[in-house]
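This report concerns only the one structure given below.
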Amino acid sequence: MRTQLQQVSTRFSITLIDELAPERDDLLFVQVEKDQAVPFLTWLQELAGYTHLVFFTAVDFIEEGYFQLTYMVHDYSTHQDLAVLLKLDREDPVVESIHHLWPHAATYQQEMYEMYGIEFPGSPRLHDDFVLEGWDDLPPMRRDFDTRQYSEDTYFPRGGRKSRDTAEYMKEQLYPGEAETW
Amino acid sequence: MMKDIAIKAGYTLISLFVITNYGLLLGGTMARVRAKVQGRIGQPVWQPYIDIIKNNVLRTGISHGVMFYLGPVFRLAGGLGTYLFIPAVYGSLVFANFAFSGDLLLVMYFIFFGQLGMALGAGQSGHPYSPIGVARGLAQMSAFEVPFALSVIAIAAQYQTLSVTEFVALQQGGILNWIVFTNPLATIAAMISFLGMSMGNPFSIVIAPQEIPIGPPTEMQSSFLGMLQTNRAIFNGAKLVLFMNLYFGGATSVLSMVVKTFLIYLYTVIVGASFPRFRADQSIRFFLGIPTLIGIAAVVVQMI
Amino acid sequence: MVSPLYILGIGLGIAFLLPLFEKLGKKIPRIITLITLMVFTLIAVSWVVMISGAVDKFPVIFNTIGFKAPFAISLQVGLIEALVLVMINTAALLSGLFLSLRKDSHWEGKQIVLFLTLVIGVNGLVLTRDLFNLFVFLEIVSISMYALIASNDEKHAYEAGFKYLIAGSIASAFYLIGVIYLYRFTGTLFIDQIVAMDLAALQATHPGLVFAIALIMLGLLIELKPFPSNGWAIDAYEASDPAVSAMISAVGASGVVFAFYKISSLFPPEMAEIVVASGAVTFVFSQLVGLRQKRVRRMLGYSSVGQIGIIVMIIGLQRILKIDDAQMIMSSAIILLGNHIFSKAGLFWLSDIFDQEQLRRVRRRPLMIVLFGVFLGSLAGLPPFPAFWAKWRMITVLAESDKLFLIIIILLGSLFEAGYLFRWFTTLLRDESDPGDIHEEQIPEDIPVSSSQTGVVSSTRALAALAENAGSVVEELPVLSVEDPTAAEKRNPVVLAVVAISSVIVIAAGVLLGAEFLRASNELLLLIPVAVLTAGILFDLLHLPHRIHLILAMAGISFYSYRILMGLDGIYLVFGILFLTGSLIQMISLYVKKSLHFGLIPMITALILSLGNLLISTTRLGFFFSWEMMTVLSSLLILRGRKASGAGLRYLLFSLGGAYSMLIGLMLYPDFSLLLQGVRDVSTPPVLAVFLISIGAMVKMGSLGLHIWLPGAYAEAENEISSLLSSVVSKAGLFLLFVTSSLYLIPLLPSGNIPVSVLLGWIGAFTALAGAFFALFQEDIKYTLAYSSMGQVGYMLLAFSLMTHLGWVTSLYMAVTHLLFKALLFLAVAGVLYRTKTRMMYQMGGLIKRMPISFITVLLSIIALSGVPPLTGFGGKWLLYTALIEKGWYLQAGVAMFASAIAFLYLFRLIHVIFLGQLKDEHRAMKEAPIGFLIPQVVGMIVIMLFSMYPSLLIGPLQRAVTPFFSESIIWEGYTVFSTLGYWNGNAVMYVTIGVFIFPLAWLLLMQRKHTRMVEQFNIVFAAERPDRPETTHFGYNFFAHYRRALGMYLTPWATRWWTGVVTLTDSLGGTMRRIYTGNGQTYAFQIILYGTVLLLLLRGGF
Amino acid sequence: MITQLLIILGAALILVGFWGVLTRKHIVKIIISFSILDTGIHLIMVGIGYIKDGSAPIIDQEMPVSRLAGNVVDPIPSALVLTAIVIGVAVTALMLSYAVQLYTFYKTVSIEQIKELKW
Amino acid sequence: MKKDEMNEQIAQIDKAMRLGNEGLSDDQKAYFCDQRPERIDPYHGILERFANWARAESLWILGFGTGCGAIELRPLMTSRYDMYRYGIQPRPTPRQAGVFVIGGYASVKTMKRIVRSYEQMQGPKFVLGLGSCTINGGMYWDSYNTINRLDHYIPVDIYIAGCMPRPEALLAGFNRLKEMIKAGQCDGMNSYAENFDWYKKNQKQIIKHWNMPDYNW
């Protein structure tokens, strides 16, 4: 597999990231450029045998200023997993849709639009409500969205609430006085 | 004339009062029995009374239209009517009811009266689950009617009568005169279809609570529901009395009626507690299978 | 008395002079020819008038040149010749008129000469008594026909003409050889002299005599196109100008037929038998092949050949039968010939008009439909047209001489013929949206489902889809005056008038014959429907306001009903009230119609009157006539439905089949007339007759196996007609059963001692069950009701066949109550359909708030129909089971109970899916049904309630009606009715029910007196969601899916499959048969020669 | 003798005619076969009427009506033959004109190819 | 004339009394009842006490597991806890149920269904908040889509604290509820009607996509 990927690495301008999966030998990570993502995935699906899209998700790296999209594909014949990583500029979160390759990707994309505000032009039902009905704020999974503030503004917080560090509190409860020595 | 009518009305009220209370207590008892089967304590025996009272004293209610309003009325009228056309206790003036105005065929068809009214009421609620439940119920009913009808025909042929009173009269004078012994095939067919008629397991698909929340009466509440619960008691009593009269020698006193109907009901509860549920098409096929064959056999025996 | 020589002389003279006249002007020859033909006709008419004044002086023989035969040619004029000449010359005159009046007419010059020559030749053929002269006229006729065929100067006409020439030449060669040898053996050519000789003795000295006669016979027979050596003739019919085809078929063939009749007196009996066989084979096989034919003129060709075949058969028969019978049957042949001449010519002309106007549909042309219907009906032998009477007479004669096989052949052929003729009719008549056969229910691709956000958009889409769907199932016929403007330009009303004259002749002849036939038994009254129909159609053609028409019709029916009901009693009275009063009430709803619906009122009126006539007819003929009238009228009424062409055709064919089966039964059992006159102790009928008659009745009742016409017919007909058909007309079968009940009392099945009635009972029981099951799975409301009727009539059959007092009371009781509630149901549903414009139940819903009265009607009638107490339907069920158990029919009782449970299912579905559940957007603004629908409903409901309260009102009279037949089996004690098994007190049940109803209602009102909120349709608990669209919330489609899953495999439509198989088999048989028509002239020549050889060999008794 | 010969010849011609009608494909040949057929029939007709050594069928003192039979040649067949020939000629002419028309339409003279109308 | 004016006034008042149902498009308004819920006075004296006794002894809970806490309801039906002996039984439809057990956290999306189901129940109706989440949001207190205080949206009669409370605690809660009902303290139905606008405002604040009538009859 690795060799196969290396062969096409220039064609799709992909880079293998070896350090991410040290524990499993049936999982590979590969970095792909934004404009090469769909051609590469098409190649994976049609020629390389990765017929199944396991999941498709995003992570907000606000510090680095990008969303990392992860396309996890699977090859049933060899039981190989391949994670295709794509870095997407936070300021311009638009990427090509892959619902034509895997129809169920539309649902992932719908969710990502709702949660991160990533646009997938052409994806069906993209702007329909997914989980949040009638959400009108920043997409909640973006890390610049302050969920606690939002909750306090919206949900009538009941006063008198105390928050504790769970580990500390349990130690205190279970072994009172031993906290220092433990 | 007026006096006769007044006396008859009085007797009717007494009879209805007895059967209503009996039906409710029977329901409570059977819930207890079921609980015991499952290793629980179970609800109080008088729980049905409380439930009915509660439903009747609810402050609000919803009506979807005239038919919805009349549906439970039809249903209860069907239950009352069915009971009133059966003599409950043989030889008793009070419990003879209105058996003089119609025979077994009337009773069999009067059952449909309440079914139809209920179905119409449920239908007007506009809730899709109601007709789904009704469709299942009717389909199942048409299926269990077959063995029951065959059984009735067989005993009618045997005794050459269709009068319920006469059936009871002919079974008097010893336990061996009961139809259950003189015509066991017909009794078996009828008792199997009785399981369907009482809509307990395994024939409870009609009211499948989780799938189509309680089926036909899914929109019924407050006093509508209370009325349906009352009917359940009366109608159950009526059916039990009918089967007792037809197959188990009837009753000459209220006590023997209580004992016999209790045992008949116990039978359905025990079966219900031990079996899972049929799908609608499965129960149709079941009733049109072995029980129908038994029924045909009962009829054929009479023909030879 | 005008000498026939004038005809020939004038004719020939004019024919030769015509080219000269042409110099005077183009139109002159036409006029002269027409005048000549008129003169011919008048001469022939004058003969008829003279002869009928003094029958014994005729026939007169005229000799040419003053010598007597054999030295001169002699012509004979007798009654029969005169009649035939009248017909032929009239047809020729009409033909001439048609040819000269039609648009773009090229009828001039040589064609007129040829035409005239043909007519003269035919006249000569009819008149001459000389064998060789016959040959000459035959050749004149043939040559002018050969030339006429090609007169339209088309490729195919030349091809056909050449083939015709080949065949004709071979035939004339046969004839000539035969004539010359006959002359050699007998020394004369004068037919009468030869007949006078002792042919048997001559045969001894000249063994070749038979051979010679056979050759003559063969020559003429081949000219008459016997199957299978008739491909050339059919080609000619197809290819030539339709007007010429009409001439060939009507005039030419008739002449040859008459010539054949003339020489038939020479035939020895064995030859006559061969002729009979040839005719019969031709008749039945031509019709069979015709079934497959798609090209109209070729189809008419097959029909012509078949018609001639049956006449040939009769000519053969009259040589075999006794003198009296021979005369009888010959008269029927003459009638058939006349019928054939006018109607076949009419059809050819009509087909020409269709071509000229490029008509593909005639649905909007009432006059055309009428003419078309008249011709087709008369060809198919439907009443009141001449062929019906002719066939009746023929079949009577055949039955008396025990020729059952021939009867079957004739009826089979007639059925085939009716099949393809009316298929043509229905094809032309059908609407553009009509798929041509009973369509499967049309379910929209998907009911639009939308998310709540896009709800608005998709709801409009859904509306559009539903509206489109609804538009395609709108019931009403369009107003007749709307039509294509271009078609009007091509019209030529004058030509149509010529055709109309022909049809008037046919009708008039039919009515006159009818009067003649029915006068014998004082049943002239039976012709009233015909008169009414004619008058009504005229009214409609004159565009009289239809409401006046309706009132007139209803007044007429009332008067008629009053008159005949006075004279009836017992069962007849019951059925009289059923038929007449029942239909009269339903006619009220016709008042709603906004515009004239052509033919609707006359046909309904005539139908009702024919039903009434069934009651007063006293002979087999009268009964059969009324029966057939009823059949024909009801199928025409069905055909009015927009998508009814397939259903109507199926209905017609099944009914005709049933009627023919009944006819054979009637023929086998002459005492039938006694039954009709109320005589009860009649001779024991043969089992076969019983079977056949009951098949006739069961077809009408739609019993299982014979039911497949029923759903389509009831469903696709217009709403009012469905109601009438299912509630009233279906009882005609029951009436027949009751009238003929004596038939079932004794006859036993051949296989043992089981009475036929037991078989009927089982059929009835299973019909009830099957009807209920079929109704269960329909989405189309009218199909549901149609199958429901089938099931209900099944109960009646079951009850009837019990043959006990109680059984009969039950059957009648059910008939009356079924009339009530099925009429109510159909009317209420008609109102709903009128408003909703859709027939699919699942597209309705929630209508209770919009149409409360209709809802109450439907509620009452379904309670009654399903037999739920306290309404009147329960009485029927109680009586039925009591009767069944008393008789010991336990298993049948079980089946009936199952059926009634299933009936309850579909009835609930009906009321639920239409009136309850979710109201659709498009029905939101709907109103209650029009008042015309409501009045009969309210009347019916009152009657139902009355009968429910006081069952004795209904059962009492029925009991009295049945009492003369059986001893009483139920006793009344006050309001309680006692049977040997049980008892029932309708009155008390009603009171108890009301009591137990009021008690909880009062309780509910007390408890709920406040704070009960009326909510709207979406305020339901929808699994914590809200419904989006009424369509997706309404549970109505595939309502009893689990039943289908449980028992679907037993519901295979065996009957439909079987009948489809029969039709396919017949069709492919026809298809295989027609392969012999290869189109090669040489093959045809070979077939002719082979045919001749085979016939000759047969005559010799083998090879 | 000569009568027999005529009849046999006529029969032979008829057979030839039928054979021609049934086997020739060329429509003109078929027409000729019909002519042959006709001729055969005519021969037979003449043959039937002919009586060897019979006199002409003129009724006079020599030949009273009572002696007619068997002694004179039957005149009727001769008359018939004349008529038949005329008719035959007419038919043949018609056939030939048909043949011409068929040729103009179908461009063939083979009867096997003129079969557009069938079934 | 005067009568007409009066009728007009009545009509206007009637219109004002009706709900706006702004969440529905115009063509859908006809599908739903637009009446406002009303306060319904209890019976008086012994009659009401009797009624309350019956209500308390026959608690029909709505079988609607709104959150993870619903898992604790199931054991109640088993033979170990056997809630039937207290006259408690589950009903599958809100129409027939009298007690609404909110099983733990309620997300906004669930909240919409809770409101709808609550309004469809027939009064008097009781709400039992189960677990800390219903009280102050519990462990989801800072979540962007989980409510913190149930009683701002529907009237709550009794809370059972804990994460999760054991079935025993539930039974104790039910018994406490019974006592409260018998004492006539549970009138959530009327308080909902009286403070209808406040509840609606709170509900609409979080349920942004309000595609239902204002009161689900």
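Note that the chains take the letters A, B, C, D and E in the order they are written out, and that residue 1 is the start of every chain.
FYI, contacts are C-beta pairs under 8 Å (C-beta built on N, C-alpha and C of every residue); 3 or more make two chains touch, one makes a residue touch a chain.
Please read these numbers as outputs of a predicted model, since none were measured by experiment.
Counting steps between touching chains, the shortest path from chain B to chain C takes 1.
The chain pair with more C-beta contacts between its two chains, of B-E and C-D, is C-D. Chain centres were defined as the mean of their Cα atoms; on that basis the chain farthest from chain C turns out to be A.
Distances between chain centres, each the mean of the C-alpha atoms, put E farthest from chain D.
The most central chain, judged by the distance from its Cα centroid to the centroid of all protein Cα atoms shown, is C. For the pair chain B and chain D, the distance between C-alpha centroids works out to 99 Å. Separating the centre of chain B from that of chain E, both taken as means of CA atoms, is a distance of 36 Å. Chain C and chain D have CA centres that are 50 Å apart.
Look at where the CA atoms of chain C average out and do the same for chain E: the two points lie 70 Å apart. Shared interface positions of chain E, defined as residues touching 2 or more other chains, are 40, 93, 95, 217. The set of chain B residues touching two or more other chains comprises 59-62, 213, 218-219, 222. Residue positions of chain D touching 2 or more other chains: there are none.
Partner chain C is touched in their complex by these residues of chain E: 25, 27-28, 30-33, 35, 38, 40, 64, 93-95, 113, 116-117, 120, 211-212, 216-217. Of all residues in chain B, those touching chain E in their complex are 31, 35, 38-44, 47, 50-51, 53-54, 57-62, 209-210, 213-214, 218-222, 225. Within the complex formed with chain C, the residues of chain D that make contact are 14, 17-18, 21-22, 25, 27, 30, 34, 37-38, 41, 44-45, 48, 69, 76-77, 80, 83-84, 87, 90-91, 94-95, 98-99, 101-102, 105-106, 111-112, 114-119.
Across the complex, chain B is touched by residues 40, 42-43, 50-51, 54-55, 57-58, 60, 63, 78-79, 82, 84-85, 87, 89, 91-93, 95-96, 98, 122-124, 189, 217 of chain E. Looking at the complex, you find that chain C touches chain E at residues 452-453, 455-456, 459, 921, 924, 1011, 1013-1019, 1021, 1024-1027, 1030.
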